[in-house]
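As written, the chain order gives the labels A, B, C, D, E, F and G, with residue 1 at the start of each chain.
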Amino acid sequence: MKFEHFGTGIIKGLAVTLRHLFRKPITTQYPEQKLTTSRRARGNELVWDITKCTACGTCAKACPQGVIRIVTSAKPVENRYVVEKFEVDTGYCIFCGLCVEACPFQSLLMGYSYERAKYRRHEVVHTNEMLLPSAKRPASGYMYPKLAKALPPQTLLIERDEVKG
Amino acid sequence: MPVGLNHYLVLSAILFSIGLYGALSKRNAVVILMSIEIMLNAVNIAMVAFSRFIVPALLTGQVFAIFIMVVAAAEVTIGLAIIIAVYRGRETIDVTNINLMKW
Amino acid sequence: MVLNPGLGMEYHWQALPPDWPGNFWWHWLAFSVIILAFVLGLVMGFIWLERRGIGRFQIRLGPNRTGPFGLLQPIADAVKVLLKENIVPAAADKIVHWLAPLVAFVPTLMIFAVVPFQDGALLADLNVGVLYIVAISSISTVGIFMAGWSSSNKYSLLAAMRDVATVVSYEIPVVLSLAGVVLLAGSLSLNQIVMAQDIPFILLQPLAFLLFFIAASAEINRTPFDLLEADSELVAGFHIEYSGMKFALFYLTEYAEALAVSAIIATLFLGGWRGPVLPPWLWFVGKVVAVFSVMFWIRSTLPRVRIDQLMALAWKFLLPLALINLVVTAVQVLAWPEASLWAMVPVNVAIMAALVVTWSRLLKLGGGRVEV
Amino acid sequence: MAPELIWLIFFLPLASFVVISFVFKPFLKDKPRISGYSTIAAISGSLVLSVLVLLSVIAAPEHELLMPDINWVIVDGVVIHLGLMVDSLTAVMLLVITVVSLMVQVYSQGYMHGDPGYHRYFAWMSLFTASMLGLVLADNLILTFVFWELVGLCSYLLIGFWFHRKSAADAAKKAFIVTRLGDFGFLVAILALYASTGTFDIAELHRLAITGALAGTTLAWAAIGIFAGAAGKSAQFPLHVWLPDAMEGPTPVSALIHAATMVAAGVFLVARMFPLFENSPEALTTVAVVGGVTAIFAASMGLVMNDIKRVIAYSTISQLGYMMLGLGTGGVAIGIFHLFNHAFFKALLFLGAGSVNHATGTFDMRQMGGLRRAMPWTYATFVIGALSLAGIWPLSGFWSKDEILASSLAAQPALFYLALATVLMTAFYIFRAAFMTFGGEYRGGNGQPHATHPHESSPVMVAPMVVLSVLAVVSGMANVTGGFARLLGHGEGHGFIEGFFGILAHPLPWLSLALAGLGIFLAYAIYGAKWLSAERIGRMFSPLYTMLYQKYWLDELYENVIVRKILLKGIFAGLERLDNKGVDGVVNGVASGTIAAGRGIRRAQTGQLQLYGLVIGIGILAIVLSLYLAR
Amino acid sequence: MTLALSGDEIAATLGGHFPGSVIEASKSHLLVKSESLFDIASYLKTAPGLDFDFLCNITAVDCFDYFEIVYQFTSLKHNHGLVVKARCHDRSNPVLPSLVSLWRGADLQEREIYDLMGITFQGHPNLKRIFLWEDFDGHPLRKDYL
Amino acid sequence: MGLGIAFWALAVISVGAALTVVFLRDVFRAALALVLCFLTVAGIFITLSADFLAAAQVLIYVGAISILIIMTIMLTRGVRQGSPSGKLRVPALFTALLFFAAAAFAVLNTPWQIAGAPPQEPTTAALAGRLFGEGGFILAVEIAAVLLLAIILGAIVLVREK
Amino acid sequence: MALKTESFALNIGPLHPSTHGVFRMRAVLDGEVIANMEPVFGYLHRGIEKLAEERTYTGVIPLTDRLDYLASMSNNLAYVLAVEKLAEISAPERATYLRVILAELQRIASHLIAVGAFVNDCGAFFTPFLYMFREREKILDLFEMLSGQRLLYNYMRIGGFNQDIPDEFLPALQKFVSQMPGFIDEYDRLLAENEILLARTKGVGILPQDLAVNISASGPVLRASGVKWDIRKADPYCGYDRFEFDIPTGTAGDCYDRYRVRIEEMRQSLRIIEQAMKQLPSGAVKSTVPYLVRPPAGEAYAHIEAPKGELGFYLVSDNSIAPYRCHIRAPSLINLTALRDMTVGWKVADLIVIFGSIDITMGEVDR
């Protein structure tokens, strides 16, 4: 070891850590304390608006993973095909949001919630009704600024950690 | 029979004999060294026993034991150094294969 | 005072507090229990303190779930560890693998036999106390080495080799730096040394304190000298293959060693149980905790040194300085006028500063590529 | 003066040596200057203390400070003390050594600049200074001998400082071996003295010699033995051959060791043991005769050398002969006074030679010339030294040389004439050197680029020369009043002015001055103004010239005749024959028998350690058992 | 701005040194014969004024008929770049000279191409598979690998 | 009584450990047995009222020598297959037994002059006095120091590479 | 130990705390000294180059997130620049400035991890690492605000961004930029003069300048060896020539220099961000680009100065909606070329430090 500064460097470092001892911890106690995610959060599921969907399949084409499967009725009703099955395999979904971006009818949105872990593998495949928005499955403002405005503002560490170095 | 000088001396003799046997019969140089350490320890016991029972006020035996310890430390150091040097050159510490002293 | 007529070793055990009820066996038993309780309790406290403390140094909270302020965390950890499956590697040297944690732990516990908790309150006031500590503490090395060797794991073997190299090197500065204290106190008995500290020896022997702190940290493998468990290199070092109860023993050993070093530093350099107002044992515990706090403060700050730098530090920095310190102390003990002991404090601090600065300048320790 | 402080005189340079060797050299390789500074600091300390010693001795000249306090070796009743003996002689020597050493160390700062062995150089120089100081301080012969050998060792190391040059290595060996020849005599003398007196103590020996308890043949042989040692160290004929070769060492080394101090140690030793010589006329005569012969003999060789350092080296031998002559005829004061003066001006001359060498890259005077303009300071100081050496009034050399002449005239008239002739030669050769070096036109040095335009050396080299030149002027004044002689034990005092000018009232000084003037004039005529051609004169006295140039073929004599012919062919060959035929016959017979036996037994020698151990163990047991059974 | 040297100009200078080695030269790149690739590369590395001391990137493109190896040379000294291409027409055993002896930066990149595209670089000191294991069958980046 | 128990326990363990050292094939375990042997010898020192020596025994033998030995074992090959006995097994055994017989015979047949005086109280200061004090063993201490210096140099020279 | 021992092989990785992912180094040790070392790659090989051939040009962007997952923004940027070059699309001015801001933020975030992990490799008990994570979290907060995720942003699009920044972004960024220099000073106080860190890193793992150029090293590794080469200056993209900043370079090319270069680069990045924030124009963030980009047949190579070094995308188009060939010049992989040269002769502990000082991400090495 070269003692180029004969230990003053070590002492400086010790002083830095000592100062941190008197700072507020920056960690969050997760289950009790929760931070608000981004208004554009891409939570771990998709929210589907059945009323607007025309089953055009743009989302399925845009999906790089190919996790969206759409089965429509053979015959159009009111000049529209009816969706018989809209299936998202969340297990393979990478939540890139390209489908939401691609949807021309604003019928597909990213989910806002995140604590949606499942115990069984087949439960991650979401179909039709399971994809509908509900109180438990709010939609995020991803690609939809109006929706985003309504969501609570994101907690930022920069706002909490006021101590300057 | 209360424990007396003879007990210690016989213990010392036993340990010394064991060490002697090891030093003479083992083929691994390190084990030989270890046996020699046992012998030195045996001698130390005898020394301290003499000191305790014959001249308890003088501690001469303990002084000698200290010197024996010094010599033992020195012997181990140099012995191990030799072993490592030999091992480096010959790739073995089996003394039966080390016959540099032949002729 | 004849304490143990039966064993014929009466001369070892010196005066007990005269008001101690009963005879020697009480003392033996009571203190064994006290020491066990003290070590286990304080080790648990240390584990909690270190985890919380480092957490705070790292601007996080540390364990805070089990019990108030996470106080029960060490117990939870202990329970978890004890309930874990005990895995022994197939290629391991089974007997040695089993024995190793014990061999490492028992000597560490034995150290506390001579540490005075307050005046005369110690298991055995050995008149060779300091020597006893140094001697006993070196046995744990064998345990660590056994663990490293018997695991049949290259990482643990490397760690074992590092341990041996470290201990062989650092024993010398430890003994030499303690020699200065012993010279000043004029006794090897820890209680006597405490009694001699009208001025804490950290002031009279600042250099010895510094050297002992560094060398002892290295011997018990505390950061920045924790090369044998270096998580970034050797993953966990010598106890990589240990689990369950045996791992718990190693864990315990690690903190018991830290506790032992803290206690020794508190006793030899900080005046032990001496202090105003508060009861002596509280002073003692307070000082131990303070020393340990410095240890984990350092742990939370410093990177780790490399093995050759560790060796170089011992041989080129600590050893010469310890020798110089010994000579300086010897001269001072002989020549310093008794009355002006306080005047020695600034002198010795100045000597320490000068020596450290010059040595740092003179020696370029370590570094450099090793050609193969 | 506290004895501890006197010890310090010796220990300061020793500490410098230790620090340089064990701290600076290993750890501060890249900062060589520090070892020079430490040496200078240590020697400065010694100098200050030496001056204090001198002052205290002057204050009480009769008082001998003896401190045989420390028992060094106690073997079977023989007690060897470690002790100091500080009398006026020691005080003077201390001053000479520390002053010259200090000047040389300062000079070395410049001279050795950039040498890779800088640390080594100063370490050895420190060790040398320490040993030399120890030598003059020692109070018993054993200690003296130890330091005597230590200075010899340092001399060996420093002559061979540039050991990668074969000539330097050879010269170092030669110096070592030749001086050992003399030391053998010294050692025998010490042992003889001990055998007859039972003491190594110098003071005790003095007392014994003065009271006559030690006398007769023993004393004579002991004295001659001591003188043999002195002759070896002081390069007296016939052991002088090493000194010219020793010029292979760095020039400051030559200045310090081979001009001022170590070679003077022989003179000092004789002076130290002078009571022994005084009471043994044979020994005293030997000293005088050897001194006188050496003086002229060396001077004659100095006439023809072309290497400036060799000229000065022969001059040194010659002057040492003078000192011996002075000791042998006049006593301690005269010899030591010359030593005192000689140390300064000869060191000065050597330093000048070194300075010249620094500028030109060579020692060969035939390649120099004209340095007067290029190196004015060197020139001026060199000439002062030369004048002092030649014995020109009122420079220091004059005073001591005059006294030697006077004393030799009184005691040994034959030697007086030799000495007178030496005066002439001395003046001639030293001014020959001066004119060849500084006069005329520059002849190009060693041809290296830096030598084409020689320039003055750095101030750090010039300054010591200036100091020494001042000393060379004034040191002679020490005895103008007779003070020096009085200090060393005898002589009467007189006023300064009286002494300073009064000396010119005698005829003898004029005679020596005239001879010196003649020598200078001749040198000027041949080498300065070139009125006479050196070659023609050389051809005229061709055989003589050759003889001188070949140094009387002494080296060849030693090498070819003594070593090769007598030792190797004669004695050794005879021994060899005896050995081959007689001894070997027996031996071979025994050997072949042994081999035959060994062939059988060697099977037991397996090389197995354990077998040996086993046999040893069984053997011990057998012995123990047999002892027990025999009881 | 890193100046992209025009392949035409370089081709002109190269034509003098290595006649017939340049197959095609355009503003954007230079297509050379694979046999003379190494010589041209060493020329490009050392030629004054060019000094391509930095082998920025190597890649291979499977064009069915042939493999096209694309070298991006850069000169840190002059801050200009050049794209050099070479082709391997033998699909079963494509071989190219290795540039490792010139730029050690080619080491891992050539190994990667060998691994994924199956082009052998002659003279590479350690041409082993890099991402896939030794007995992996086929070369995934080829268009015919499915 | 207590002394007797302590002695017998320590003696049995030490002899057992020594036998293990000599007869075990695994060198590493043999070294561990050696450590045990050293420790019991320290215990025997305590029963002999040599407290300083006991501490020194642990410090030097357990702390230094055995660790050096273990390290050497690590550096050499074939630890597990260990240390077979050589050809000299039988004569060695014979010699050792003979030696033991002789020594035991000598010990038991010598009329030792047991001093009745009590053993020294704390021995440290007394030992220091014997070693460094007037009429002590100071010369031997210095010779030991020189020996250690020589050993250090020798070991360095021996083990130094190239 | 100085003693010569038998050399033995030691596997470091693929599961080892200090290999920054699943990397494996097969080291042959002589005592503690590395006698030989062979890096083994491929434990995280996912065939991204092959996958890209099956996706639309836009669909590749999420894949690029997964290259250097500590610097996804930079990967996005390099890729969209390559596509824009190939399809001759240009992004609006506002998007260009935003890209600079994001790329530089990403650089700071990546360097924070690099330095933190590097000091951790030196053996510091996570403290510097956690301090640096704290600042990185702030950057991730900002990125989350923009893209909705904290790691795999998928924010850039061919011709701009998928959506404009929210209103609260710029104030938060301003706050961050004003605070950050103080934190960097704090890191310096903690580390820059620490004797142990100096001893561990100075003169260790030297990559000489000529070798650094010869192995095509880039980024801080190249600059620490004293080569003043930064693509932002040498070949400015996204209008980097409009900003004032310096290129910090090292002298010795040792681990310490690489650490210093990264710290200095963070300061320079902050300078760039400040300038870009001041100059940020208003307007659209995306130019009109068809839903399925179909570039003309041809090829393009675009490179940026990513945090780890020169990140380049070589795209070949056959006028279809998917790239015909997509090659990624991964700085992490190429910087590892000289790993053996840098580590042989050093000790195990140094191997970890040297490896940490190169700063790689396995996602990028193996792809």
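Operating definition for what follows: a residue touches a chain if its C-beta (ideal position, glycine included) is under 8 Å from a C-beta of that chain, and two chains touch if they have at least 3 such contacts.
Just so it is clear, the model here is predicted, and its values are computed rather than measured.
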Where chain A and chain E overlap in contact partners, by chain label: G
Taking each chain's C-alpha mean as its centre, the one farthest from chain E: D
Of B-F and A-G, whichever chain pair has more C-beta contact pairs: B-F
Far-end chain from chain G, centres as C-alpha averages: D
Distance-to-centre winner among chains (Cα means, whole assembly as reference): C
Euclidean distance of C-alpha centroids - chain B vs chain D, Å: 55
Cα-centroid distance, chain E relative to chain F, in whole angstrom: 72
Whole-Å gap separating chain B and chain G, where each centre is the average of the chain's CA atoms: 63
Contacts with two or more other chains, residues of chain B listed in rising order: 20, 24-25, 84, 95-96
Multi-chain contact sites of chain E, meaning residues that touch two or more partners: none
Two or more partner chains touched - positions in chain A: 1-4, 6-7, 10, 13, 16-17, 20, 26
Contact footprint of chain D on chain F as seen in their complex: 86, 88, 91-92, 95, 98-99, 102
Contact set on chain C toward chain G in their complex: 54, 57-60, 154-155, 158, 161-162, 165, 223-224, 226-227, 230-235, 299-309, 365-372
Chain G residues touching chain C - in the complex, by the definition given at the top: 1, 8, 10, 16-18, 29-35, 119-127, 130-131, 134, 190, 194, 196-197, 199-200, 202-204, 344-350, 352
Residue numbers on chain G that touch chain A, as the complex places them: 55-56, 58-63, 65, 127, 131, 134, 137-138, 141-142, 144-149, 152, 154, 162-163, 166, 168, 172, 175-176, 179, 182-186, 189-199, 202, 291
Residue numbers on chain C that touch chain A, as the complex places them: 53, 55-61, 64, 297-298, 300-302, 305, 309, 312-313, 317, 356-357, 359-361, 363-367
